[in-house]
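All chains are identified by letter, namely A, B and C, in their written order; residue positions are counted from 1 within each chain.
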């Protein structure tokens, strides 16, 4: 028997709206720790991780770990039928192939229950490590969403560059170029308006705007977004869910040859295996925090985070984008390696 | 000469918006009693009846009964040009083939007049009786509209079931099932939030959601909707128009075999004429109240209310949907019979 | 070096939104006087003239007259990225083939710069004279926009007729006819609600509603619109830009045969060159005020304002629409003639 009850039911609606366009089908993992999900987008370029901790619910009961495969579009359709002030209950009996969503109006005058068939979905569990990042930017989520939308009207990719002074978002397209700089600003009236930069090293990475815009659909969940960047790691775009957990989006950077100095590039290419030279080798330790949610029955399959191949770069830029991130399960089941070959 | 004047002109705009998608062309019947319309939708499954009583108008003059055939889409286009605070006048000279809509702004600074050609439309007058219904549900019109919209995201039909405790709206579709229960609630702060059930017998009927959603376009006309149900009659969905009259929608129920017990079903089918067995025979007396609006020159033709035949039921359900509702005019022109064969 | 700075940056966004659908590519002319534009729509039926005087900007520097060819759609895309409270700077270095748009948030925490390639556009400079008009109507811009939109649901053209009492907008289409009269009204609480008519002669002219609706996109720029009409001149629809200048739209009237009396029409046609008879001959002196913005390097080409030829008139109406308005440059370069042959 699994049952959770959330008075602030609109939060679940927002969670589904934020991930349903990125992921079609996914397993929700239910354990004593909480209600979580981890899934790659259909083109295996981005990864979404959701955690709603059990303490955050008004009622939470999970007799044994279960994994419920759901079509997120259909789940979102059902949750859309909940009023914004409704109390939402999700429940599933042991061994049942159905999940029930129940919505209660605040006055208890309207009670809805929706039943949905569960799906068998091949689980793809990546151990996601807590990494050290070169730069962490916290900024208003609405500002980040606006920037991604604005840049999309000019180009297809965004270069995010972080210095101590601020974070710069740049793009270029057929009609011109754009640079948007947000300065560090901690002396604001409302904490949610702050832009705070924690930086160890300057970093500059390129990402597909299409995915950034998709991540920005989580904006209604949190007033601030946290963007964690390292030159050799996927970016993490995180929206905290107040007192409950988070939605985190991971996206591998696009890897491009240096365009400033063609001679350096040629030299680099002459050294035998030029493409291999430019690819970061990522070795990632398993994420201890994420582990408890993993159903021990589920096989951790090999997953590839492949950056988009359709590049709309200027001719002088050359993308090398065969970055693969694979989780490997060692014999003891505890150490996973995410590497790029 | 026919002329009516309505200070609250936005009301006529709302009336047209509520019926124009259901009915393309219709005759407006103008008599001393009021301004009324009765028409079937283009697929002859639903019927709409509008009455605006003469007392409700600031000015109402009707020298002799006339019937004005109009294209409701074009009429709605013209009424849309009225400001929401405009005073609306509709007038037609005797023998003219045109109708004039005049809109006066509250300050009288802007005066618009729109002229539209009238059409010859074969009139289809059904005598609609005042029936006794098994159950009458009054509920907030916005709640009813929301429920029909929500259920449409899951299925194509709605089962409306009434008990003393409340009214249940159910559907099923490819992605799952949904049940929404609205409890009787008379102790509300605002009368328009009440849900009131008058029930003689429990009733459970199935309708096409497509039509229910179409009826719900009348929601801006009234804060409450009244749904009258009997097992052998078309449902009546009524929106009262304050101090003037009503818009009423009639829809024949879909008739389905019992799905709970296959043996009962088989037995029922074995009794010779199974399909005839499951069809209600409706005999309907003419509606005295509606009569005065009928132009004595117009022939009352035979009209069929045919339920939709394209059924998207689960395989275990079998629809029998040859329900025909025909008005028949007897020799004395006073008794009409609406029956289902 | 050219540089302008405007604290009220949203104004530039509104200017671009008002003209980008009418004109694809155009030269912005920058001189000591101000920032201006003059362009014909792609079908050469309408002309738009924009003036933003240098005094209206917080900062304005123009070392020498330049003409910057821009795609207005792309420019609008970039300006859309400015926040509504942003300060906008436009700058171009001498000899550069680029223009830069810079947006600063009020708190200076977000600085964006967008760079766009300039285009070579054949300049089409008409001298637009300050004419005397038969009738000038000032009315609320939102009212004018509403009327044009409403009439478009009925017909394709509008007849604007001015008398001392008011201005009448009329149309006819397949579904009927419409007349909207706005009465002169100077005794209003707010000056922007006034409708003021200055009339020397009664005038009645026909225009394509498609263009009027396009002009009405400038409504957010000003609370009042001024419509200047003469029987032999293009109409001028002007939106003043507070303390800076204006956007003016010019549209040649459609010329139609009299439909009231077919004999008169026949007689007129019998007089040898009937079409020439019905066409106004416009001779227009060059507009002194507009001159300073004209780059002396640019050739003033011959431009034709051609009324739309696709007429959706009733069969009894016959359009004669070969009205050509051509600017001619005389030897001394000072006198231009706009005539209709």
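Here are some notes:
Just so it is clear, contacts are C-beta pairs under 8 Å (C-beta built on N, C-alpha and C of every residue); 3 or more make two chains touch, one makes a residue touch a chain.
All of these numbers come straight from a predicted model, not from anything done at the bench.
For the pair chain A and chain B, chains touching both partners: C.
As for how the two copies chain A and chain C face one another, under half of their interface residue numbers coincide. Taking the mean of the C-alpha atoms as each chain's centre, chain A and chain C sit 49 Å apart. For chain C, the set of residues touching two or more other chains is empty. Contact residues of chain A toward chain B in the complex are 71, 74, 77-78, 80-81, 98, 107-117.
Taken in their complex, chain C has these residues touching chain B: 143, 150, 153-154, 175-183, 185, 195.
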